[in-house]
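First, the structure itself, so that you have it in front of you.
Chain nomenclature is as follows: A, B, C and D, assigned in order of appearance, with residue numbering initiated at 1 for each chain independently.
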Amino acid sequence: MHIIELIFSPLLALLIGVFFLGLARKVMARIQWRYGPPVTQPLIDIIRLLSQKSASHGVAFNIGLVMSLAGSLVITLFLPFGKIAPMSNSGGMLVILYLMLIGPLGMAISSGESANPNASIGISRKLLLAMGYELPFLLVVLALMTAYNTTSITEIVSLQRDTGWSMFTFPLVLSGIAYLLILPAMLGVRPFEVVNAPQEISSGPLVEYGGPYLALATLQHALAFFIGISLFVNLMWGGAANPVIFFLKMLVVFFLGIFVNAVFPRLRIDQAIRYLWRWPSLIAFAGLILVCVTGS
Amino acid sequence: MDRNQLKKWFQNPVKMAHKYSLHVVYFCTGCGIIEIPPSITARWDAERFGIIPVATPRQASLFIIAGYVSLKTLRSIIRTYEQMPEPKFTVSLGSCPINGGMYYDSYNTIKHLEKYIPVDGMIAGCMPRPEAIFVGVTHLWTLIDKDMADGYKRYRSNYSAYRANQEKILGKLEWPPLFPIHGEE
Amino acid sequence: MTGMEILLLVAFGGVMLTYILGRISSSLRNTFAVVLSLVLVVIIALMYDKTGETIFYRGFFGIPMSFRIDALSWLFAMATSVLGCLSVIFSLSYMSDRKNISFYYSMLFLVNAGMLGVVFSGDLLSFFIFWEIMSWSTFLLISFNRGPAVAAGLKYIIMSIIGSMAMLAGTISLYTNYGTLNIADLSHLTVSASPGYQLFLLIIFGVAFGIKNAVMPLHTWLPDAYTEAPSPFSAVLSGMLTRMGIYGFLLIIYVVVGAARFLHAADSTVSSFNYVLAWLGAITIVIPTFIAMLQNDAKRLLAWHGIGQGGYMILGIAFGTNMGVAGGIFHTLNHAIYIVLLFMSVAAIQYRTGGVRDLNSLGGLIKKMPVAFIGALLGICGLIGVPLTNGFVSKWMIYKTLISGRAPFLAFAALIGSWGTILSVYKFLHNIFLGQLPEKYRDIKQSPFNMKLPIIVLSSTILLFGILPGLPLRVINKIVVSFGFDSLNISLWGIVSESGMLNTINLFAAILAGLIAVWLFFRIGARTIPVKQDDNYAAGAAVPRDRYSYTAKYYDPLFRMISPYLKDIFNTFYMKIADLTGYLSNGIRKIYTGYVGNYVMYIVLFISLMIFVQMKWSPW
Amino acid sequence: MVNPVLLIAVPLGLAFMVPLIDSASRKLTRFVPVAALMFNLILCIRLIPAVLENPIVINLGGFTPPFGINLFVGPLGLLFAGLISLAGLVVSIYSLSYIKNGPVVKYHMLYMLLLTGATGVVLTGDLFNLFVFFEILCISSYALVAYHGDRAGIESSIKYLIQGTVGSGLLLIGIGFIYGIFGTLNMADIAMKIATVEQSTLFVPMILMVAGLGVESAIFPLNAWLPDAHSSAPSSISAILSGIAIEVGLYAVARIVFTVFGISDIYLFFAFLGILTLLIGEMCAFAQSNIKRMLAYSSIGQIGLILFALALATNNTVTGGLFQLVNHTISKGLLFLSAGYMIYRSGSMEISSLNGMGKRMPLTSLAFTVGAFSLVGLPPFAGFPGKFLIVSGALLKGQMVINILVGLVLLSTVIEGTYFFRVIQALYFKDGNGERKRAPATAVTAMITLMILIVALGVYPKFLADFLSSASSDLLDKMSYVGSVLK
């Protein structure tokens, strides 16, 4: 049973991630009064990309991308999906926080090796954006960990079963608001889409990726999407005892993100950081203080 | 999706994927580009066929040259084409890439794009409307189905000739040959 | 004659011999240097798991000076000697075309011997003496490169003397109060010390060790010194020498004062000192990490990180739980490994590019110097604390301590420091190794073998300690227990605490499996074609050579936002004080006017002063 | 048993023999001081065991004190005498090649007179005799400062002369007062009778004597002659002036204050004065760009430190102070000697002109470095034990004021370190031009001797410590002094 979970939970995550990507394109199209591609479109793209013969810029170009995807896959082993969390007793929230670095870092090394300044600019923006949302995000996570007095994400989830969803319980409500405010940035959707800006910097880090590279990058993107949503559901919305309910919750968060994506224009990177470091951070900070004051 | 389609998907998923996932890099220096925005936005919505514009040739599988090609842009067209990963398809838009069109006597415009890069499909018209673009795309599907969209293979096998043509009109090129040139081996 | 005496004899004797041999033949000297450093490693390795104390000298006014070995000193000595050995091997070719190489080597050994002396000192007097030897020999090496290095060296030695003087005052105060300087004796005697006196001790030694470890308001010597010292020595400087401050903190807080006994006492000054120290550590993490982001000099960037990482160690050991202290010590060890690796990678680049360390003028060297790249990559992974590298485990322990110790704001400082680290070290990696290779470095060669060897050794150690942290943690656990804490619950590949656990071997297996799976998946796709860097997307144009890269102003948007707040105000402040001293001195100098009439008047004034004093207070 | 009178008699006699020897053999002249001081040194060493048992009191002309003049060879006096002969010997070896031009005969003669005077001051037990020896010391040093005969030398010599004369005058007046009060000039006798008179009547002679001796011992603010004189004298003489002359002055102050007057109320005042001297000396040195002036100001600072140590008047601090004094003599001597040759080579006294000397004169630079390290108080050199003893003795007193003063001492060490390390950097880490040239063998011998001494004292301070400890009790224990003189 454990082995099966170990093997299938990453695959499930990939599947859901890719499904979300397809759904996102469909929903966006419907919002824009278009018919839109089939939901399976990302899968078709990936098959096509894998069959193409692309230019490679060197070993790190390959390894970095592989590392990035592998890192993201490993996170899914630590994140509870419903009750499925095959490796949750090998490390908790801190491990997840750090594993979340491997994805961007691998991507950064890979696209850095491509020797294209567009990629470098994209990476620079990506890291800056990450810096921007990590500040409030860390405050939120610390508030949670302090409030529940644990660093294990499964415990955070199970404790919410007793106390109610963190988002709606008293000391954590501010953190919940802050998390909602930074969620688009963590998912990389529109107001914070400046990293990949295709028109400005030729899709940034992806500029030299073609064929299988782009396929891996797409999968990584899908996984990142999955992880972002799943984290929110687990940390703030009580997770779920049942994978189906968990999936439904994820779907709700996903739609929220897509709607934001559909109606907002893109922010410049400095505007994005300024936004993230102002209200979300202040609220998250207040939330942490609130937790400290009421907790002790 | 009918049964026929499904059967095709199982028989050759790669080919089907190529058909329904055309990522396009538009070469937008000609006047044909004015027809592209309607075709990819809500009015005609090319995305329902899996056709979306991408930012760089590396990510693309279809190259649409929208209109006349001047000497200056030819250089970039060749470069862009060579940077696309194989398999790749080229479609030209309008009369000008076919035979020079209204610029047939211009000193500075390419008359026959095929001499410099292989073109899989040409959509005539001045300018072709978006519908014509979709007709062109469906023709391309047929070609892919029949393995006749083999421009990239031709480019590879006849590279010496293409390169010679390119150098004849552009002079020395800044980049090294993509494939080995036969005459020199 | 015990092992420690032989060791120190070898270490100090080697200093002279190296110099003398250098006058005879350079290859003889090089061989001797390598052999000597290896012998030191072997001797120390043989002393594993020994404890003991021997008095070696009574010549200093009869104060017994002794050597002492326990787990703590063994760990530091081992790290020192191994890193010293690697640094010597690395120097063989790095220094080969410089002048005064014999001087360099002998000073390197003197620094090394000084450090060994410091960690093996069984009493505070020999501690101080070795500490001073270490300090001034460091000064001579920092200034070795001349030019701007001279100012850096002066800055270092001034701050170092300030620290030493504080330490001297503390040491002598202990001596006058207890009549002994033996550390083991003192640790029994200080139990009865008043809280005020304990605080005094902690503060006065804290100044000394804080300067050495570059804790935030006392850090200003470090960036210049690291930047200007010869690179293999920068490695030693950042890896071990600066961390003698951590050794000192451990010694004074947990051995001499024995803080483990007082941390939970109600009226304890120790715990409030530790609390303040922890906050200083947090500040030391955050501000230097962000300043590092703004640097364009590879070594200076690393130097600021050296300060920042020191903050983690301080935070860990000041928090004062068994896991925190263990994390702090482990981080010291880990930091030594990866920062040495990083400095060596930079040095390898410098060696081949003719001393270039400006981040804006390098690039694309991954193809030319892959080993240096691997070193730098693993080094920054360790620095960030990417899982499976050693830095992760120690940082995890520190975070863990802070969170379960209910100090979320300290934890926040530590975590945000890590995220700031990513930004700056990625810039470091990118601007040196990734991006476009400039034309002038097109024919650059790989680094020579003796540069590769230390890099490879250290890289594998990073992974080894990351995957099997139990290896060093066993020793560290002994140290923690000897401080009077509870034993940690560790296994070879993991740590268990009451609020969550870590299992690195599972993590390793998962990541390995993930990598293999993704690699296979990647290989299913079509073949890839290797291309040159010129075959690159440039909107259809040919790639402009030397200009198609993005290195300068890498984080410009952030830079513009935060740079007004990130001035090194302390440096400015100290410089102001230095200026003021100069100004004041110049003013005082004018007392001596050069006019003899004034001088005679001074004599008269002196007499009248004495008369005045007598008439006013009649003291005699 | 050898007669300690020879310590004074031999150099004095040989000093006047110098012109005669010179007329006999030109070459031999230079070796006269070497021989004389060698003799003195051996004599001092041979006297050590005896003196450690019991101080030797010599009654000149057979008159017993308080009626005759007596010499008192206690551990303290012998320490000074030994130090004088040692430093004198090393400097005279150094002078063999350093002093080549100018009135060589007069140099050697005056040099020996200077040392005779110094030895006399530290050995005598009679106030007026002390004054006489002091005058010998001063007058010969006035002349030696102007040895080069250049404008700067003569000017500073005149300044020195004026201030020195004022000081001597004050001293003489003070001695006159004392004689008027007690009718005796024997120090032991005065010390015994001192309790019999009203304390306030002693005030005037005391300040006069302190001020008079203070001029020679360079206590602030009486030290204005020192920077000029030390910097314009030949370097060998600077070494002696810094290493011997002012220390001897300090000895006299200490002897008079501790032994003759023995008024403990004034000690704190002297401690403050010492710290003031220390700080001002170090800060002035910090502001200098002229190496010899820098060293001269540094001497002022060291004198301040020693004065502070002596003024605390405990066995520990006085031992530390004496250790620091020994260290200062050796180190400052070494610094002046090495700086002298570097100046000789570069032709300028600016610190910037010493750039790159480490390459050109490696041994001399090394000597300077060792001297500087030692003076700053870095282990394992001789400065560290002294500083250790002073600070530990001071902290042992446990008074807040003293603790603060100790803080100032440590602060001044920082300033001192700064300017010395600046010079060391100039020597080794700045590029200069000029060819490599060794210092002559005699200078090298002198410098190496001092270097070995510095390291030996730093590594094994104990072999001096016992002797210093009895020297300090000699200084502090007034009653035994009186007892041993007036048996």
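Here are a few things to note about the model shown:
The rule is short, and it goes like this: a residue touches a chain if its C-beta (ideal position, glycine included) is under 8 Å from a C-beta of that chain, and two chains touch if they have at least 3 such contacts.
If you're wondering where the values come from, they're calculated on a predicted model, not measured in any experiment.
Looking at which of A-C and B-C shares more C-beta pairs in contact, the answer is the pair A-C.
Separation between the centroids of subunit A and subunit B, computed from CA atoms only, is 36 Å.
Centroids built from CA atoms put subunit C at 59 Å from subunit B.
Between subunit A and subunit D, the centres computed from C-alpha atoms are 78 Å apart. Residue numbers of subunit B whose C-beta contacts span two or more other chains: 56-58, 83. Along subunit C, residues 535, 537, 539 each make contact with two or more other chains. Annotation for subunit A: residues touching 2 or more other chains are 49, 51-55, 202, 207-208, 211. Because contacts link the chains in a way that matches no line, ring, star or complete pattern, their graph is best described as other. Interface of subunit D with subunit C (complex): residues 158-159, 162-163, 166-167, 170, 199-200, 203, 206-208, 210-211, 214-215, 221-222, 224-225, 227-228, 263, 265-266, 268-269, 280, 283-284, 286-288, 373, 376, 378-380, 384-385, 387-389, 391-392, 395-396, 398, 406-407, 410-411, 413-415, 417-418, 421-422, 425, 428-431, 459-462, 465. Looking at the complex, you find that subunit A touches subunit C at residues 6, 10, 49-60, 62, 65-67, 69-71, 73-74, 77, 87, 89-95, 97-99, 101-102, 105, 108-109, 112-118, 120-121, 123-124, 127-128, 130-131, 134-135, 138-139, 142-143, 145-146, 149-152, 155, 202, 207-208, 211-213, 215-216, 268-270, 273-274, 288, 291-292, 295-296.
The touching residues of subunit A, counted against subunit B in their complex, run 25, 29, 32-38, 41, 44-45, 47-49, 51-55, 198-199, 202-203, 206-211, 214.
Contacts from subunit C toward subunit D in the complex involve residues 58-62, 128-129, 132-133, 136, 139-140, 143-144, 146, 149-150, 153-154, 157-158, 161-162, 165-166, 168-169, 172-173, 175-176, 581-582, 584-586, 588-589, 591-592, 594, 596, 598-600, 602-603, 605-607, 610-611, 613-614, 618-620.
Of all residues in subunit B, those touching subunit A in their complex are 13-14, 16-18, 20-21, 23, 41-42, 45, 47-50, 54-61, 83-87.
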